[in-house]
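Each of the two complexes below includes chain A, the first together with chain B, the second together with chain C.
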Partner chain A sequence: MDEMKDVILKYVKNEYLEDEDQEIGYDTPLISGGIVDSFSMVSLKRFLENKYKISIPDDKATPEAFDSVTRIVVLVNQFVK
Partner chain B sequence: MSYTATVKHIYEDQIKSIRDAGLFKQERFIHSQQAADIEVEFPPGAPSKKVINMCANNYLGMSSHPEVLDAAMDGLKCRGYGMSSVRFICGTQDIHKILEDQITDFLGTEATILFPSCMDANAGVFEALLSKDDVMIADRLVHASIIDGMRLCAAENDSFKHGNMEHLEEKLRLHADKRLKMVITDGVFSMDGDTARLDQIVALCEKYGAMVFVDDSHASGFIGKTGRGTHEKYGVVGKIDVITTTFGKALGGASGGCVSGRKELVEICRQRARPYLFSNTIAPVVVAGVMRVLEILSQSTERRDKLERNTEYWRRGLTNAGFILKDGDTPIVPVMLFNAKLSQDVSRDLFSEGIYAVGFFFPVVPQGQARIRTQISAGHEIQHLDQALEAFIKVGKKYEILGKTKQEIIDRYGA
Partner chain C sequence: MSHFGSYDDRAANFSWSIAEKELEYTPGGVINIGWYCTDRICENGSGDKKALIWEGTGAQSKSYTYNELRVATNTIGAFLRNLGIQPEDRVCLFMDRIPELYLGFLGVLKIGAVAQPLFSAFGEESLFVRLDDARTRAIITQRKHVGKIRKIIDQMPYLEFIIIVDHDRKKELREREIPFWLDDARPVEMLDVHPTKAESPSVLHYTSGTTGRPKGVQHVHYSLISQYLTTKWVLDIQENDIYWCTADPGWVTGTSYGIIGPFAMGATQCVQDIGFSAENWYRWIEKQKVTVWYSAPTAIRSLMKAGDAIVKKFDLSSLRHLASVGEPLNAEAVIWSQRVYGLPFHDTYWQTETGSIVISNFPGMKIKPGSMGRAFPGVTSAILDLKSYEPITEPGRVGLIALRPDWPALMRGYWKNPETYAKKFVNGWYLPGDRSSIDKEGYFWFAGRDDDIINTAGHLVSPFEVESALLEHPAVAESAVVAKPDDVNMEVVKAFVTLKPGFEPTDDLELDIMNFIRKKLSSLAMPQEIEYVESLPKTRSGKIMRRLLRAQEWGEEIGDVSTLEND
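Showing the complex of A and B:
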């Protein structure tokens, strides 16, 4: 679980942070905090699906479910076998 | 279903939440032609006030140019008011074709197709050109109309960090297996006023076999030595596969837009782009006006040269006064205030001083990046800029932000 958290946090930092000095944690709001816009969520969803060999239905891939690393881990674990 | 009290409440609640979030947009009524000096009624019902317009996209001052008005009136008399048809039935006049050829020459492309607006061009172009086996890779700060257009397209979408060529290359490698790849960017970014490094983007696209798409709405007419756009600035005229642009900004400011680029791509748009197929094109009166604008701009670079001088003067004045600006050399000059409320307060006080400049804050710009976006025009004279500068300094002193660092402003007002 912790490893998944760190993998996703690292991806979010590399993929979305414009300012390298910006610090984010597991519970930093990503969508509502303006770090990941709803359009760019697509690449995050694709990353999770490829990395964990899962398929996240569109109705589950909501801005709320993607709003922090902690929430994303909960979402991913629903689909990991 | 009738418009019941329940339905009414749903919409009333939405309007209330927009107000509560401080995001309610209110129009200001202008009682004059669009120009550097305008008369504005605000709030509604107030007597109209003479102000200097520092927030129009009227970069070349063509919106009320007498020769453009004359040409438009001639167009109205000779070709009538409306077409009452889409292009491919009986809605195409000779002047539509002439304008398309004029734009092709002006932008240095192979062919052009008109759209009712650039919003429509962007809404239609991706769906027409790409399908599910393809990928669109867009700069994160592209205009909302591009994002809407991408949403309508079945191709996979991805994005790269704003202006970050390493990240773009990473994405081009990631999507190497796609049938078609299109890299998508604005030429000039409307909120920050910076330009896309099209020379570097073209080089990467050539390396990885991708097409290049540029929305040059905030560039056509004045960026580059002869005003052809961002592709001229970076020496890649003829190498951009798709350019979309608007006639609603520098090129007369009325309405209309186009897709210009490779002739096969333009032809596919003519066959498949839905906003083109299912909507009337630009009215003859506007076509005639845009044609005259392009003639004027092709004869002389005087107006874009003046705009460049005005922009340098304005940037220098604000910088010397101690304001923090976004770096850049375009006529979009964002004055950074970082705090949303401060941006609204400064905008309101500037209006009281006779300067019309709008504050932008999240979600229009990133969190903690609130600003006053000023836009310079060739229609401004030095005395306009001096008067505006005087007002900015007066308001800047009131809020004690002159000469302060970003951190000092955030410490005082919050981000």
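Showing the complex of A and C:
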């Protein structure tokens, strides 16, 4: 679980964080905090699907479900076998 | 009682001089949008009225009265003038929705310079082509976006000043980078506002074209006349309203109706620089007691998706008038908003080039869900035959939307691109590039774009620009980009690509290509789907036939394929 958290956090930092000085953690708001916008959410979803060999239905990929690394982990774990 | 009243009365008695008189503008005299939006409101006795209420992430908040707005815009204007910024120099505003974006925009206009707002999510390539085209002299930005500018700065010797509004006072600044802290700057009470005239350039917005580089749409200070009157008549902003325009000032809605129109009316508006979620938005409406809400179909459809139950958790009873812009508002969304908010969204139609609303559902007018409404009084409109360009008199027949080019906010040109500008006019009509029909009662019904431009969530994306960027990816040999239908965003970007030898069509490569475009151009331009193909359909002369791929995505008839290379 912790490993998944760290993998996702690292990916978000590398791919979406524009301000290199900004510190983010597992519970930093990603969507409502303006770090990941609704269009970019598609690439984050694709990353999760590729990485964990899952398929996240569109109706589960809501801004609320993607709003922090912690929430994303909960979402991903619903689909990981 | 709405400002608008009866459509027929307004149409019968219309003159743009109505707005000129209300704004006390004398033709031939000085007209400066920056002054009208700040000093004039104060001179009329509303200096203490709240102008801007702002909230950002991390519970940050600020608010400005009209007098504070006046002084802050003076301060920014004076700072720029002291740097040596001259009238008509282009000054880019490249910021998230923070107060400095709104204040900076007006400060730039006050000194007669040209405001060039750019969407802060643009990647370095998108940013570069727009700055390079405009030969921008200064850019006002935030620390978080400086990295993108540093990557391209060496290619832009003309960009003399990179003004950072939130420098942390620690990190070393590089050549041409200048810190500016509005809160610490000495307030400038009096500023000699530049005496711009009606045709003086004001705003330069960039919009995508089907081919070539993005086009700089040139507006002038006289645009205020129609922006003011449409804000009053269409958005119906009244003295005690709290207005919320959800658009980003990187795009035209965010400047025409997120800055110019409401401030020129002396309205109180609120701005939220927080990402979208239904809960956030409803909480904001409840907290600010928003009365007039101008939003976009994509957001409305996202709110529909979030469901009805969440609406009941919040007190939205302050809402009085709702309007929408960006792409056609589907009938279901109008019916849904009537059911859940007790108010319908009023669709409005216009574009970057028109500068102000040209077709609309007006307050008090019968709404036909799914229709864009009727032409704004003072805007002469028609539907032209697709081939002959003659006006169609038959109701319901689809043709090109055409407008007589005589309203104040219409663009005055494409920056350094007179050939493309000239192509927008046929037989004395301005053609926005959209297809529609008109019914017997004069209501417009949108039927689609007349070109390959992709309208995603109300933002136009050039397939050419995305295709060009795709070719810079090491794995991509050829590409074709088309619109794909989408329930929420109306359209999204889809790319068809062929790969260079040695590359395998994997899911990881698809993600890599998506992220490549997102960083280079923007998240809007990022293909939401990439389809690997062996070859792309081409004409015998080698031109990629996008329309075949588009038809395939939309389940439409493919049409004439007689020129197909390998038919």
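Criterion: the second predicted complex is superposed on the first by the 81 of 81 C-alpha atoms of A that agree within 3 Å, B and C clash if a C-alpha of one lies under 4 Å from a C-alpha of the other, contacts with A are read in each partner's own complex, and residues count from 1 in each chain.
The working rule: a contact is a pair of C-beta atoms (placed from the backbone, for glycine too) under 8 Å apart; a residue touches a chain by one contact, two chains touch by 3 or more.
These numbers were taken from a predicted model, which means no experiment stands behind them.
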**Study point:** Partner chain in contact with A:Phe47 - chain B first, chain C second, else both or neither
**Key:** second
Practice item. Classify the contacts of A:Ile56 with the two partner chains as first (chain B alone), second (chain C alone), both, or neither. Key: neither
Practice item. Please work out whether A:Glu64 is in contact with chain B alone, chain C alone, both, or neither, and reply first, second, both or neither. Key: second
Practice item. Determine, for the superposed model, which of the two partners chain B and chain C contacts more residues of chain A. Key: C
Exercise for review: With the two complexes superposed on chain A, say which partner A:Glu18 touches: chain B (first), chain C (second), both, or neither.
Suggested key: both
Review point. Touch check for A:Ile72: first (chain B), second (chain C), both, or neither?
Key: neither
Practice item. Kindly classify A:Asp37 by the partners it touches after superposition: chain B alone (first), chain C alone (second), both, or neither? Key: both
Exercise for review: Could you list which residues of chain A make contact with chain B in one structure and with chain C in the other?
Suggested key: 18, 33-34, 37, 39-40, 42-43, 46
Check your understanding: Tell me, which parts of chain B touch chain A in their complex?
Key -> 140, 147, 150-151, 156-159, 161-162, 362-363, 366-367
Practice item. Quick one: which bits of chain A touch chain B in the complex? Just the residue numbers, please. Key: 16, 18, 33-34, 37, 39-40, 42-43, 46
Review point. Which residues of chain A touch chain C in the complex?
Key: 15, 18-22, 29-40, 42-43, 46-47, 49-50, 62-64, 67
Review point. Quick one: in the complex, what on chain C touches chain A?
Key: 57-58, 96, 121, 143-145, 147-148, 168, 171, 273-277, 279-280, 302, 306, 456-457, 507-508, 510-511, 514-515, 518, 523-524, 526, 528
